[in-house]
Structures are given as C-alpha cells and as structure tokens.
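Chain naming follows the written order as A, B, C, D, E and F, and within any one chain the residues start at number 1.
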Amino acid sequence: MKTVVVTRNPRADLALVDRFAPLGVSTVHEASGRAPNLMKPSLRPAWPGAAVAGCAVTVLAQPGDNWMLHVAVEQCQKGDILVVACTTDCTDGMFGDLLATSLQARGVRGLVIDAGVRDVATLREMGFPVWSRAISARGTVKATLGAVNVPVVCAGAAVRPGDIVVADDDGVVIVPAADIATTLAAAEKRQANEGEKRAKLAAGVLGLDLYGMRPALEKAGLRYVETLEE
Amino acid sequence: MKTVVVTRNPRADLALVDRFAPLGVSTVHEASGRAPNLMKPSLRPAWPGAAVAGCAVTVLAQPGDNWMLHVAVEQCQKGDILVVACTTDCTDGMFGDLLATSLQARGVRGLVIDAGVRDVATLREMGFPVWSRAISARGTVKATLGAVNVPVVCAGAAVRPGDIVVADDDGVVIVPAADIATTLAAAEKRQANEGEKRAKLAAGVLGLDLYGMRPALEKAGLRYVETLEE
Amino acid sequence: MKTVVVTRNPRADLALVDRFAPLGVSTVHEASGRAPNLMKPSLRPAWPGAAVAGCAVTVLAQPGDNWMLHVAVEQCQKGDILVVACTTDCTDGMFGDLLATSLQARGVRGLVIDAGVRDVATLREMGFPVWSRAISARGTVKATLGAVNVPVVCAGAAVRPGDIVVADDDGVVIVPAADIATTLAAAEKRQANEGEKRAKLAAGVLGLDLYGMRPALEKAGLRYVETLEE
Amino acid sequence: MKTVVVTRNPRADLALVDRFAPLGVSTVHEASGRAPNLMKPSLRPAWPGAAVAGCAVTVLAQPGDNWMLHVAVEQCQKGDILVVACTTDCTDGMFGDLLATSLQARGVRGLVIDAGVRDVATLREMGFPVWSRAISARGTVKATLGAVNVPVVCAGAAVRPGDIVVADDDGVVIVPAADIATTLAAAEKRQANEGEKRAKLAAGVLGLDLYGMRPALEKAGLRYVETLEE
Amino acid sequence: MKTVVVTRNPRADLALVDRFAPLGVSTVHEASGRAPNLMKPSLRPAWPGAAVAGCAVTVLAQPGDNWMLHVAVEQCQKGDILVVACTTDCTDGMFGDLLATSLQARGVRGLVIDAGVRDVATLREMGFPVWSRAISARGTVKATLGAVNVPVVCAGAAVRPGDIVVADDDGVVIVPAADIATTLAAAEKRQANEGEKRAKLAAGVLGLDLYGMRPALEKAGLRYVETLEE
Amino acid sequence: MKTVVVTRNPRADLALVDRFAPLGVSTVHEASGRAPNLMKPSLRPAWPGAAVAGCAVTVLAQPGDNWMLHVAVEQCQKGDILVVACTTDCTDGMFGDLLATSLQARGVRGLVIDAGVRDVATLREMGFPVWSRAISARGTVKATLGAVNVPVVCAGAAVRPGDIVVADDDGVVIVPAADIATTLAAAEKRQANEGEKRAKLAAGVLGLDLYGMRPALEKAGLRYVETLEE
C-alpha cells in the first residue's frame, strides 16, 4: 500500500450532486443499470431518516487505527462525504462525535465506513449521518499509516475519489464520476415515471397489466390451477 | 418445483384472524405449545411498532427475481399477508414501495419475506409493515418462474396458504389453519392470566413464590451460599 | 458448574455508580485503558436512547432455560443491573415483560443478556432498558439449574458480581469493582477535556494541529502528493 | 409440539433407495426440478468422502437436549438415516461416538443434524458419516421431551418420516416419498447423459456449442468487443 | 490494559498434563461438570487429527498486531501451549511458519488463537497443531503493546496462565489449575466406563435400557403412537 | 452493467506467472506491501493442498445464474485462472464437474468464485483446484446476462483481466499486471531470507533478538514483572 495523501481531488459540480439525494439510493442504483456499485447491506445507518449525496473523499485505514481519519479531515470541503475502507474486517469504533464535529465544521455531509462507530446518541443529536457495519465503543490506536484519496473497495463497492456517494435508509450507492450525467438523467426520468405508476397501482390497476407481464408469463409456462395436485 | 399459481386459497374467518394481532407473537407462540412455527430471529421489522395478523398468501421465488411477487398481488385480498420464501439465501431488495402500493390498495396487511426489501423510508410513511432478513437497494430481475400458494419453508417455518400469520416487534409466528380455534382459545386465556400476574409482580411478589418454584429448585439441588468457596 | 446462588453480593456505593451513566460507555471504556472489559457489538439495545449504570448481579443460565432468571430476581436490589450469560450460544427469548415488571418493582435498572428477549414493544413502553444479542419470541423451559452471582463471561467480557455495568446506545462496558475509583476519575477528567476540544474543533481547528499529529505522521513517512502516480 | 413417538414409519424399498447414493446430491437435486428440498450449505460433512442414501427417521429436539436421540435409536432399522431438527438454533455437540455405535449396530447409514456433533475423530475411524452445522464438545442435558417421526424442518428443508435422504460432500437433499420413482428415473437419465457430455467437453467441444447457447445469448443482447470502451 | 509480561508462570506437573491428551476434549469437558470452560466452536483445527494437552502461556494482543507473540515465545518452555486472545474481533493471519518454528524449537505443543493463521500447508508438514478462528494470509503490524501471562477471555472461555489446555478435533477446553486433580480423576473414570458401554451398545443393547431412561420418559409424558393423528 | 465479453485479454508471460505459485499467497501478499489485494478469508479451497498461479479471466455473474461461466470458457487459454464475482451475495452451486472438465481441457489452472460450487468429490479426483465461499448442490438458471473480462470486485479484492491470481491453502491474492515485476522480485528476495531465518529460529535463536525488537519494546513501555500485581 502506498502511504500517501492525494491532495488534488476532482469533484463534481455541487449543483449536480444535490439532485441525487432526493432520488434515493434504490432509484439511483436502478438508473445506473444495476452496476456493481452498491455497498453490501451489512452497512446500516446509525440513525434512521437521513438522505444525503456528496463527493467521495476516500480513506484506506488499518483496522482499529483511525489515524488516517484525522489526516483526511483536512482534505474535506463543503459537500463531501468521507468513505472509509479498512485493509481487513473491523468492527471497532473508529469514528465518534469529535471527528463528526470536525467534519460538520467543514461542511461534510456524512460518513460511510466499513467498520464500527461510537457516540451514536450524540451523532443523532448533531444530525450527522453515518453508515457503518457496526456500532462499538471499542477504541482505536493511532499507530500505522494508510492512505487518503486513493481508490478503495468499501463494503464490496469500488470507490474512487470524486465519485458521488448517495446514502439513505436503503443503503449506500456509488456513482462513478464518469457516469454522473447519464445516471442523473436516467434516475430523474425513472422517478418521474414512478409517480404515474404509483397513482395507477393505488387505484387498483395490477402490475401484471400495467407492465404487460401476462404474455411473458404464459410463454414461460406459468399455469394457473384451482388446487395443488400432489 | 411446480411453476403454478393456485387460485383457490382457503382463508380463515377474518373475525377470528383479527383477534390474533392484539395477542402478540410471543403469546401466540406460547399458546401453540411452542410448535416449530416460529420464524428465525433473522427476520426483523423494517420499522418498529407494527402488529398485524392475516391470512397467508405464499410465494416461492428465485433469489433476486421478483416476478412471482407481481403475480401474487392478483391472488391477494383484504386481510391477507404475503409470505415470500426464496429457493436459496437472498438479501436483494425484492420488494419496494410500488409493490406495497399495490398490496395496500387490495387491503393486504403486510409482507413477510426471507430476503431483502427497499424504499423503507417510504414504507414507514405509508404505514405498510414489512418483516425481512435484510434492507437492500439491490435490484431484481423478472426472468424465472416460481410458484404462488404452494407450501413453503420461510425463515425456518413451514407455511401453507391460508395459515394465519401473526407479526409484531418480536418476530413472526404461523398458526396452521387446523389449529386456529385451539390456539386462539389458549392464547386469550394466557393473556387474561398475564394481567393478574403482572399486577402481583409489580406489587413485589416474587415469581419464585407466585409460580411455586421453590420446591422444584430445592429438589434439583440448588444451594444458597453466602460466598463462593473456590 | 457449581449450581449455587451466592446471596452476599458486594456492591459499590450508589453515589459513585450514578456518576458513570452520564459519562457514557465509550468514555468509560477509554478511561479504563481499553481493558478487555467491553462486550461484543453483537449486543444491541432493544430500544434506542437508554443510558444506565448499575451493580452487576450475574446469572449463568443454560441456553433456552430461564429458570435461573426467576431465581436471580430475589437477589436484586435498587441500583442493580442483571447480567445473564449462557453456557452456550443462544438466541431464544429468555426474558420478557413479566420478568421486567418484577425487576422494575425492585428498582433494577436494566438487563444485559447474551441471548434473546421478547415483548420488546412492552419493554419500550415500560422504559425498562435491555441489551441483548437477539429479539425472539422463542419460549424457554425451566428444567436445568445454573448459578447466580458467580463470575461469568458474557458477550466476551468477564463479569464478577458487584462490578459496575455501564450501558447505552454504544454498547455495554464493565468496570471491575477494584477499578471503580481510578476509572471514574479518569473518565470525568476525559469528559471535561472533551468539551474544550469539541469547541475548538467546531470552530474549525484541525485535529492534526489540536493533537499535534503532524510530526509523527511525517516521521512515519506519510507523503502528500497532488496526484496518484500509478 | 406433540411429544410423541410415531412407531409405524413407512419406508421405501431398499433396492430403490440404494440406487440414489451413486447418483449424488447434485444430480438428485437437479432431477427433482430444483424443488426446495435441499438443506442449507451450513450443513457440512464431519469428514470428507462419504456418500449415502437412506430412509428418514426424524427427530424434533430441544436445543442442547439429546434425550430424543436416545429414544429415536429404537425406531431405526437397517437402511435408515437419522434426521435431527431442533426447535431453535443450536451448535451444541448433541451426538457422539456412543450414539453412533448404537446406530451402526442397527444398520443405520448416517446422521443429519442441524446442530453440533462431537467425537469426530472417532466417527471418522468408525466410518459413520455425519452431516452437521457445527463440531462442538459442548455437552447436552436430557431434560425435555421432543418428538420422533413427525414432519420437521431441518436446515431449511421440510422432511417427513420415510422420505429418502441423500447425502455426500455436496450436502444433503430430500426426496419426498411420493416422488421417489419419478426422481430416480430423471436422475439416472441425467447421469447417463452426463457421461456423454463429459467426454465431448474433455475433447474440447465448448458448452456454448454443445448446449446450443449462442442464439439465446445473441437475442439477450450479449456483445463481443475487443476492448472495454469506458 | 496493563502492558506487562509476567515472567513467573505457575505450571502443572507435566506427568499430570500428559494424561489429559488421550482423554480428549469432550470427555474432559464432561468431567469438569460442563463448566463454562469450553471455547466456541468457531475455533477449528488448521489441520485434522492432532490431539494435545499443555500448560497455558497467555497473550492479549491488539488485532492485526503480532508483536506480543514474538515477546511470548521467550516465556514458553517444553509442554506449553500458547493461547492468544485479541482485544477485539480479528481474522488476520497473526501466526505463521516462522513463529511455529520458534515455538517448536522450545518444545511448545501447539497454538490456540482467536484470530487467523497462515502458512497452514507448512504447519501441517511440520506437525505443529493450531486451533484458530480463520485462515488468512493477511499480514500484521508490530506497533502496539499487549500483555503476556495475564488472565484473558479467548473464544468465550476464561484462561489464566498455567491452566491446562486440551485440544483436538472436537475443539479446545480449559482446565483451571485448581481443578486439575479432580477433573483428571473424573475424566479417567468416565473414559473407563465408556469402553464398557460401547461394547454393550455395539452388541445391540439400547441406550434407553442401558441408561434406564424409560421410567423418566414415561413420567415426562412421552406417548408412543402408531400414526400421527392430526 | 455493460453486458459484454471482452475478447482481447492482456496476459503476462507464463514464465513469470509460473514463478509465483511456489512463493505462496502469504509471501506474495507481504511482498506487495500488504496492498488491499487479498480476498476475504470466507473464500476457502474446496480440497486442501493445491497451489497455483495464473492469469485472471474475469466474470461478473448474476447470483444463481451461471450462463456467463459457459460464455467465459471460450475466452480461456492455457495458464488462466477463472475469477467469478457475483452482483450480490450468493452461495448457490454455480460451478461443477462439467464446467471443470471444459476448463481443464483448455489448460485452465483453477477457479476462484465468490459463490458456491458442487461436485467437489469429483473436482478433488480430477485435481482441479477451486476456491469458493460455499459448497452447495443448489442448481442455477441460465436467464440473465453478465460480463466477461471486465474489472470486478471479488471477495473484497479488485481484479482486472490479466492480473495474476495466486491461490493456495492460505487463500487468494491478486497481483495487478502493472506490479508483476516488482512484486516478484520482492517475493523471491523475501523467500530467500526466510530460509536463513528459519534455520536460526529452529536452532533456538529468539525472534526478539533476530529481529532486534528489544529496544523498541522497551521504548514503547513494555514492563517485565514476576507476578501480576492486581
């Protein structure tokens, strides 16, 4: 591992970034063609109800060592989301209210970490959103270097600095920098369509008819029977 | 697997079904003699506080393929709960707000699924209760048939169409159609007794005395000592 | 295993115990030198927001058998927290609202159990806090003896009767009876320092400067680069 | 749960049963239309290389209580396989070399248990095959009744007494008594075809051509490109 | 945590220790009254077939940091087994063939570690037995102190320096120094009895009769029926 | 996801590749600076003792759908290793003896798959090595496209087509194409040093002295005491 801090982090236009949060993780994931950019469901929000989007500042840390998180704060600016991967599985509480205070002071919108966090009652009061794999009071050392703003694999998804991170109660999805425009267009179109569909479904129209599924089901061989012959 | 939809699903009298929800999962489970009808604790509510009972409409689906859920909606009616088993372990988000809108329009009371769900913030706003093994934005395909209203094993419990499903913050329990009357009688009796017991315990009576446990403990050899001789 | 109930349980002065709850689990864990006294993060609160401290009354129970919990109630008094370990892994619902009523009537402040609990909706309404490894309606038998007030290993932490238990949304930490005074002093000092640090960090001072980390990072070989040479 | 022992257990003709073992679990599972009759992969052989088929004698046991296994031995005969489900998750060592000696003396061909086993070095020496979810020396009590020869759900599969159990290094599959003839015919046909296919594949014929997959892939939209345009 | 190395480690007479290995983990565990001295079944042998007993030299290490293992080697002597606990969950490969070479040179009989190990092919060739929770090539740092020969909790069992460790294919059990004589006597008596029982069971005597279980089963209410009335 | 097959896969010189297998996964991982290129320890060999190195042909597959594996065979040549990632967690048996026969006919050296495999007894007999996260007979469909020779994340490691894969009993490590020469040099140097070290350690030299650790331990504050003052 190169123990470096990359200081020039490309970032998307915040006006574009801000249009992702209201779309939500599931719609953005669908709009990106279900690319393998979704983090594992083991990552959960520390408190429910937050929905954010921001530019990724990435950290590769040693397990149980949060030295690089302190280093990363300085590289963050308004509109960022800090994404922390570990070199191996870890559930220690690598992040708490003091680091959150620092990030909030710089306009950072949230934290995504494939490890544990602590002080969650305070994080909820501060309104600082966090997605983590565990909640743990286990403390950490500051002994070994890692890296900031290098490509990482976090909770099963590849993340590069400057990618857009979208996170809500459904989880965390990454939009690679190169795909921002096309994904945004597809997601907004999808969301517009959903309103219309929702109204029809609420009125009792069946999805089988709305989506025209009956011919394909018949062709695939689905049979309707009154009782199950055994 | 037979790829069929069974259209004639026997259902219990809703007046009976409605008496199960206020009893709660733990009391119903106890009243059924702790039969192996309880789903695994890996199934959790997507949002806290819901408590429902309904008639099971069952689905056996391929992992990551929600085609059969769309098919199942048409087989549902007022008072039902949709129970979805997968042919293998799956955490994908096989159910979201549009399917919930369809089910709610038909009077369905909730979903129990041994897989993932998404759009959970919207499900909470809609008041549509869901018990699932995961929350995940991971999308699904509509490519392979399954079955509707066949016997399934869901989260470790055997479920037949028309069985009663009771679900709350404690989990999900199944009452087989043949056992409804006896289980209901036992559960209501148990609940009536509990009020009386609770009052005594709150007044400081010890369970050791209330349940008459002291002789059995003595016979089993329990010793009271002032300090632990090592 | 000795099947005994030890009736003379040493307890700390409640005036001291009461000073631990507002400090919180993470601060107490740090103040105790990160001793291996923290329970595993698999133990989670049954409902969010509680923060308590109390004297440990310990139970060693057979899995799926809550006989000893009934026995332990009699050994509890105001200011205690019941700590239940099992002889093997268990997720059954070994504790519910009736036992909670008994404990609350005696002034017990909460339950920590390396197994499952049930009736969680009622526990939340009662305001009785519980930390457990699972929520499960699965019922238990009363067939085999265990022990009360013996040393146990619960969720990876060694607990002796009379140790102080501190629990909140971050988890559960144990303060051995012999370390109460030193840990309390260290934790209160730590908390006092944190207020000052928080104000500086909120004002934008970097942790790198506040904690004087730059020289050590440089010595360890951290390099700052504008772009990542590959 | 009914605490009964059903003594008249229907069994298939052993001549038919014996034709299942050489077919193997994967082939039998495929031949049964991938019905949900396969146990979860958490069940593993205690030692590698065994491959057996037999008639199911079922046990429903309390976790950590092997009383019913002793009861079940008497109900076993030559050609049987004992299938043990627990009322809740359990990894205790509920089975060891003495019970294996008893079963082997009666001609029983193996054990399938959704719990733990012990004395595995001796089991391997005895050549008595076991599939379990864990290996654990943890001892058990004999305190609470269960049932023998009732329908059970074991490791996610429904098993009825008299069903055929097939087990090898790939896992455990159940053939319901009603499906024995059709499954056997389909599995033997499948196995015969596989020999021919294997020879062609070993000679370098591609599966794409042997199975005629190219048109369907093209229709589904698969594109071949020399390099990945990003 | 006190960062100390305790150099005067009490040890049992090796003539006594050597009598434990042939008894095996399951028999020793039973003979100790099923005390909570058994490690979790997540600890597995890195290669099958080894069976050892020795005196515990304990290590408390930081996760992903094997500095203290190097320190501990010097404290080991002939007949010891090294027992390594981590301050938090860890699966990194903290031990490999070079450390094994050092330990083997000092007459150490094996390693028990609640973390990962590597070079397992070489360990098997060397005949150096290891019980671990994972196999992983993940390397470790040497950055933070821990402790040697302090009481630890390893894989759920409390271990003090000088306790006897018994390990085989069934897992790992601890015999506290104070219980060596009584446990050894009970285990050898138990083993002597088992030979006799095994011969009777192999001859077809049922455990139900050999252990005299029929009256207790009848009293508990077990019913024998020819078919299951539903 | 782009549903493409990339047909022009850069590959390293086989003479270089062949030098990696005898070095072993742990040494190669260390030599690459412990870069985050190691797959998770959940990936285990289907049978012990194999040690291979080869060029990665990558597959991104839908869970429970092995259509793309059939497609990938055609893209493989002598010296390759097939690396299969899934778009979501999967334990189904996506690979068996017929696909292995095809790959072996083309000179492929092994399979790495973050899903399940089956026919493991036959794979062992064939000598075809496989690393997988599960063994399962669960069958798969051929319904949805994926991709071949695109960058994937497999078991937590990023893999690009043409990277070198090294796999043995310790797990699986990836050497990026750009780092082959430097990693090989560092690994061979490391291995040469290890022989010398092993001889010294076997002769009883302590690692504390061989690696010169004593001053750093003293500086870090390690204390040696005869007994543990409590």
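Details
By definition in this document, contacts are C-beta pairs under 8 Å (C-beta built on N, C-alpha and C of every residue); 3 or more make two chains touch, one makes a residue touch a chain.
All values reported here derive from a predicted model rather than from experimental measurement.
Touching chain A and chain B together: C, F. Of the two chain pairs shown, A-C and A-F, the one joined by more C-beta contacts is A-C. Centroids of chain E and chain F (each the mean of its C-alpha atoms) stand 30 Å apart. For the pair chain B and chain F, the distance between mean C-alpha positions equals 42 Å. Each of the following residues of chain D touches two or more other chains: 2, 34, 87, 89, 91, 136, 138, 144.
Per the contact rule defined earlier, chains pair up in contact as A-B, A-C, A-E, A-F, B-C, B-D, B-F, C-D, C-E, D-E, D-F, E-F. The touching residues of chain D, when paired with chain E in their complex, are 2-8, 47, 67, 70-71, 73-74, 91, 93, 96-99, 101-102, 104-106, 116, 118-121, 134-139, 142, 144-145, 149-150.
Partner chain F is touched in their complex by these residues of chain D: 24-26, 29-30, 34, 38, 41, 44, 48-49, 51, 168-171, 173, 194, 197-198, 201-204, 206-208, 211, 213, 217, 220-228.
Looking at the complex, you find that chain E touches chain C at residues 1-2, 33-36, 40, 60, 85, 87, 89, 151-153, 156-158. Interface residues of chain B facing chain F in the complex, by the touch rule stated above, are 62-64, 87-92, 136, 138, 141, 143-144.
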